[in-house]
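Below you'll find a set of structures to go through.
In the two complexes below, chain A is the common chain; its partner is chain B in one and chain C in the other.
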Partner chain A sequence: MSAAGRELWARLHLLDRPILDAEGIPSAKVDDLEFSLPEEPDGLPILTAVLCGNAALARRFNRRLAQRLELLRRVFVPVERPGPARIDMSEVKHIGPALHITPRRHELEVATLDRWLARNVLAHLPGSGIDARSDDAPQ
Partner chain B sequence: MRLSDLLERAVVDQHGRNWGQVHDVYLVQDGPVSATAAAFRIHGLIAGRGTFGTQLGYVGRPGYEHDQETRGPWVLKALVRRLQRRAVYVPWTDVVEVGDHQVIVRSPPNGFDRANSGAPSSP
Partner chain C sequence: MKRVFEIALGILTAIGGFVDIGELVAGSQVGSRFGMNLAWATLLSLFGIVVFAEIAGRVAAVSQRPVFDLVRERLGPRFGLANLLASLVITLATVAAEIGGVALTLELATSINYLLWVPVVAFLVWVVVWKLNFEVMENAFGLSGLALVVTGIAVWQLRPDWGNVAHQVLHPAKPGTESVASYFYYAIALFGAGLMPYEVFFFSSGAIEQHWAKRDLPVLRANVFIGFPLGAAVTLSLMLGASLVLGPRQIDVGHLYQAALPTSVALGKWALIVVLLGFFACTFGAALETTLACGYSIAQYFGWQWGKFVAPKDDARFHLSLILTLVAAAAVLLSRADPVKLTEFVIVLSAAALPLTYFPVLVVANDPEYMGVKTNTPVSNALGVAFLVLLLVVSVAAVPLMIITKAGG
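Right after this comes the complex of A and B.
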């Protein structure tokens, strides 16, 4: 993000856009945005993170379902409190037709369940071509 | 707060007037500067009845140049703009509270500016 003073519309320019990892591989999409509320009364909310994954997407349609999915994520991801997978805005390096981020795909929280399925299910199917020991097991 | 806490929420002012639902949120990269870049901050909302034209980018809005608008058959553009003509821009400084079902705002005496009336004033 090098353009200072850039103007964006959250839904039009960010929501549902693909997220490309450090190698340009599609890794997730923007399912929601997280803002921090200002401490001062006249301050403006600051965009702090991009939220992605099933739990983040579900919240746009059914909050109760989203809460259950966020709790379910804790089975696979050792996080202190339930919530969707998030990518901090400090890790977003460019916003265009897609969001380019600095981490690699296997470093993202959102890929945890996909990696588990790839290693434990898909890798054992004949002809899948997936190495169960690899960190880069495809999604 | 999340974007999903705002989108499709009804915008209601201090007099109980319903300005429609939140269609989109206006972000400007003028926040605190971190190691990489300045942060984006919410400067305002577009609210109105119906979301079709706004979601497809057919409708003019603050900070949105004419050549950035979605191109398409003029008949379709004219129809969508007609349907969206009452959409308004609500500066974030007029937002009082974001509730579970509605966004409470403080409307000025003359109401909010139309969404396609040009660049918003800075808060």
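Right after this comes the complex of A and C.
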């Protein structure tokens, strides 16, 4: 863990905490955690990423529901890698009451649905300030 | 000087913020049926909102965390979701009731059926949250809500027997014609009207958005300790007016215009115009706040960006949830749900659902990880826990009383 020697309880200090982007803007929640198994036989699992988005949250409720949501999400937004959106622990710069991360919110995988809705729904309303033809993330 | 202005503006808008469709309907109904014998319920709800808003505002200002963020974090995603859904149903019905109140006020002013006004009002609310400077609009509506002070002048003109009024307030008794169940049912209705969940979401979210910090706590306390009591005074004058004018004539309030009757009887046509302006301002202001409160609670649960200054391009999901809220509220009204009846249900259910949001806020207010040295003092904890017990009693009693009295009978 980045905070050397600090003990964190996944349930108490990580899960369900808000994630703030490089500018301090709320971007997602810690909906689930990704651990990898250690190489040495009696080592502890290593926290590799936080998972976010409805598909990650739904996994904590019901696995089948999560799979359906994930399929539905992929109908709208093409993703290279199946599974819930993840933020690698190398991008987390501070863990406090909120998690501060280094990327900006528009660069996150979890923001893909938001971008899709902006381009395909809200862009058609007058005065939205969104350019429907632009492929870039709205700035 | 700027500070004085800020405090004054906060107090004035808190008056309009306290009074909305719930107080207009419940205050007048109760005044007509029970005189001032239920004034204690409004005073109790005033005590409640002062305790709750002070704690929630302080938690927001110090920890920079809004209510639904904390609800999920402290209670877990499942209970948080159940809590979110319950609050959303109630707040959505409140949006419908407030829009209905605006539409009924416009019907009184124009004689055009309120159902035709519903889509227009819903659209105007959307335009404000979509594009206009919300802060300016909110303050404009808050200040116009001051027009309701005319109800106090009207009561003074009606020359009540103040000794009798004081007796009813201090030694409340159930009128012989009413059952015990309906007496307490209306007590809960008044209590819920003063304490709708959206008020606290909105208050604490606003504190975070305006970047209130510890140094702003005096402004917050002035809003809460001066603005809300003045709002309660407006509610009490609606109640007293109704008890003097409607009660003796056996008029049972079922329409919004009846809430304006005592003022127009006492002061004539100009006062009717002023009081309708007040109704319009406080219900439209509340329609804006409840709509945003729906969006805020969803966004805070899922971790999206939220707020008055979030442009559509910043968070599409938040803006889409506001649009869906307004469409649903308009659909409820267009299915011919009576706005006055809807208000009665909403305020009683609000009372029943209060512990859901109050409890997590009270817990966090005592957690030094969020609050540093600004955790609850023993006094605010004693008040907070006393209020929690009261809320639990009200919450358990609300729905059975609604069934026994057939919603007030």
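Here is the rule we go by: the second predicted complex is superposed on the first by the 113 of 139 C-alpha atoms of A that agree within 3 Å, B and C clash if a C-alpha of one lies under 4 Å from a C-alpha of the other, contacts with A are read in each partner's own complex, and residues count from 1 in each chain.
To be clear about the criterion, a contact is a pair of C-beta atoms (placed from the backbone, for glycine too) under 8 Å apart; a residue touches a chain by one contact, two chains touch by 3 or more.
As the structure is a prediction and not an experimental result, all values here were calculated from the model.
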Contacts of A:Gly127 with chain B and chain C, given as first, second, both or neither: second
First, second, both or neither for A:Arg60, with chain B first and chain C second: both
Chain B versus chain C as contact partner of A:Cys52, first or second or both or neither: second
First, second, both or neither for A:Ala22, with chain B first and chain C second: neither
A:Glu7 touches, of chain B and chain C: first, second, both or neither? first
Chain B versus chain C as contact partner of A:Asp114, first or second or both or neither: second
Which of chain B and chain C A:Lys93 touches, first, second, both or neither: first
Chain B versus chain C as contact partner of A:Leu72, first or second or both or neither: neither
Residues on chain A lying within both footprints (that of chain B and that of chain C): 60
Complex contact set, residues of chain C against chain A: 63, 65, 69, 72-73, 76-78, 80, 130-131, 299, 302-306, 311-317, 319-320, 369-370
Residue ranges of chain B touching chain A (in the complex, touch as defined): 1-4, 7, 23-32, 34-43, 54-55, 57, 61, 63-64, 92-93, 123
Residue ranges of chain A touching chain B (in the complex, touch as defined): 1-12, 14-15, 32-37, 42, 44-48, 51, 59-60, 89-90, 93
Contacting residues of chain A [partner chain C, same complex]: 16-19, 25-29, 31, 52, 54, 57, 60-61, 97, 105, 113-115, 117-118, 121-122, 125, 127-130, 138-139
